[in-house]
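Shared between the two complexes below is chain A, which has chain B as its partner in the first and chain C in the second.
Moving on, here comes the complex of A and B:
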């Protein structure tokens, strides 16, 4: 399974966290498509805590974190 | 006058009671912009670097920038510039709200407070009239109540800046508060105010807008262009309004850079419980905005039966994972107490975290704790020790109120103080984010995140996404961020505008307001000059090259858990690169660098 974590406004209608069978996605972009999230709405995409892009591969056991634009100081 | 300055500074000697209006040296103002830059230059020239920070010889400058009070976006900032009793170096604490704009509307670019009053007093400013009034009846009054009392006396249209009990007691972590929940929070400026027996400054102005702009039409155009950029930007246009700076809790935890239990760990599995998302869901009433700010990053929250200013990212982290706590209500309460006692809401919880590690390791004993053991995550400890640090009585209260560096030194274990230049490090683990460590190590005010916010490029991808784990090119980026920040601060504009704006936009605003003709490159050079005059102040104050450092833990103890497990800071690589980029040798500018920056008065010093 791949764990997908949603944050901030991306939680609306999706909850905080969900699991997706690994065979349903080969890239992070596949997961965005799966959840109906336009890529431009994701400012920070982490795979296992490291900045990544929709083109990057995902695999069983990965944790994907999706953030809209956030920031501060 | 038509250059965004009122060209007038008030010099107030509290020892003699003399109040003088002095002309602003306009050439000097434009060379250092105002605010942070000009304030530091004045202190340097007046020999403040060598004085005892808590003696009558120290000077306390409340200073605006040329943009303060203007119609430019997010332009309500003022700064408190003085010699810090916490670090022994330059302090420049920056705050929003409306107090700074009102000081400017009253016709003052700055107040320079000198000496020490014979007894507790406060300043009442109504336009060009300044009087020193008796404050003895307000002694020990908490900050918010003080604000209410002075408004009741002087009118609801005044704005109040004050110190709480912490400043009165000269606690080294004391803040200057204004407009109830805004704080010039860091470096112990509240203690300097307390040492002068100055409890508050009330300001009221007939003027409601800045009417000394050099080119009104050009500024209108520049404002419009900048506002559009900010509104179109997803972060300054919507993101910060939605969750505030608190949105960072989950991001920084997500990359494994959220210091936990005094930086013994860097990932907190329960961080979502004190995140911006949870704060919004459970307590948020509405976003809060400072003077003329479209961003509205502030959090107005419901707390028990009151509506109060809520915690920013820093206290959420510091009272949260750094103290082993995930209870949001407790953080809200502790943050409120910091505002009421007038305390630095970063330095205080970070010092509690250091004390908790000393307790964990058996150096602080249960019997020293006067009934409230310093156990990780203890809600009672977080609340009670915040109160004790705000109004210290016992030996341990006083030690903790002096900050983590002095506390840990006392117990013979300075390595547990996560500080630089005796100021506590903010909420981003420099082992996991290489560039921010350069800024922590070299910021002239001691550890700070807002003197060169490398989190923007290294984590948030602004203006470009850098690899947080590598050192490549970080020194140059850190210098540029520090220089631009120095210019923005000195203008009186909020740093958060820089999530959307860049040097060309700031130059357009400043040039329109003041009549200067700075190119973006020249504006960065002014920032460079400001950073260097701060460094020369520190040199005169006795700073040593070894003060540009990071705690041993960040250099030698790899991160123990989470996504960034195994990482350490590579400051040994980046610091020499940074000095080369600055034109510094052994932490200080060469004479050649000083001359290049127009700081000839510092040559040979």
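Moving on, here comes the complex of A and C:
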């Protein structure tokens, strides 16, 4: 399984943490598609705590953290 | 030491308080974050504040912007900030700049400052400010809010953190903000700013992200 952690507004309707079977995603972008999240609505994408992009590969046991752009002032 | 700063002692040394009086801080934006940052800088006792904002107050600002009120609608934000500074701490030299920070004026506006505080409300402006800070070799304290969320970071010259926080194509989807989110974010920024101004050690390159809805704080990168 791949663990996906949502932060801030990305939690709305999705909760904080969910698990996705590893065979359903080969890249982080596949996970975004799986959850219906447009790429531009994710500012920071971490794979196991490391800064990553939607094009990066994911595998069984990975933890993916997704943060939206926070830009108001 | 002046009595108005007595309660700074303990948390800060007398030497640090005196050092703060010699410092110049630039605040980019006098809206939600900027209003609280200016208030905190005035009460902390920095020497000079330069604050830039080309905007005027409108009714939708009043749910969160400290400097806004029914009587200030239509007033330039930089002008309201100057009036507040004169009221709260006339010993602080306050330089209002009724202009937006742009590619053309950014480096000149911040030149000679010890720290720059990001109180802008858009990604493009933040990239301009970060480039100007790198060029002028000035630490930038990033801050941003959305809804219940606030984030802050120290960006030292040469660090590409702003590009990791806002990758190419990132889009702000919400303008929501609550009354308590800007002061919380401003407090995070001011704690980082005070550490820099007093020469205390700190870890740069980290983004502190707080979720006030779930009472969580992450430190990432």
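In this section, the second predicted complex is superposed on the first by the 69 of 73 C-alpha atoms of A that agree within 3 Å, B and C clash if a C-alpha of one lies under 4 Å from a C-alpha of the other, contacts with A are read in each partner's own complex, and residues count from 1 in each chain.
In the analysis below, a contact is a pair of C-beta atoms (placed from the backbone, for glycine too) under 8 Å apart; a residue touches a chain by one contact, two chains touch by 3 or more.
None of the values given here were measured: they were computed from a predicted structure.
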item	value
First (chain B), second (chain C), both or neither touched by A:39	second
Contacts of A:48 with chain B and chain C, given as first, second, both or neither	first
Partner chain(s) touched by A:59 [first = chain B, second = chain C, both, neither]	neither
Which of chain B and chain C A:69 touches, first, second, both or neither	both
Chain B versus chain C as contact partner of A:16, first or second or both or neither	both
Chain B and chain C footprints on chain A, overlapping residues	7-9, 11, 16, 43-44, 46, 49, 51, 65, 67-73
Residues on chain A engaged by chain C in the complex (per definition of touch)	7-9, 11, 16, 39-44, 46, 49, 51, 53, 65, 67-73
List of chain C residues in touch with chain A within their complex	29, 31-34, 118-123, 126, 143-151, 164-167, 169-177, 182, 207, 209, 211, 214, 218, 220-221
Residue ranges of chain B in contact with chain A within the complex	233-235, 238-240, 242-248, 250-251, 254-256, 272, 276-277, 297, 312-314, 449-450, 453, 455-456, 459-462, 465, 467-469, 495-496, 499, 562-564
List of chain A residues in touch with chain B within their complex	5, 7-9, 11, 16, 43-44, 46, 48-51, 65, 67-73
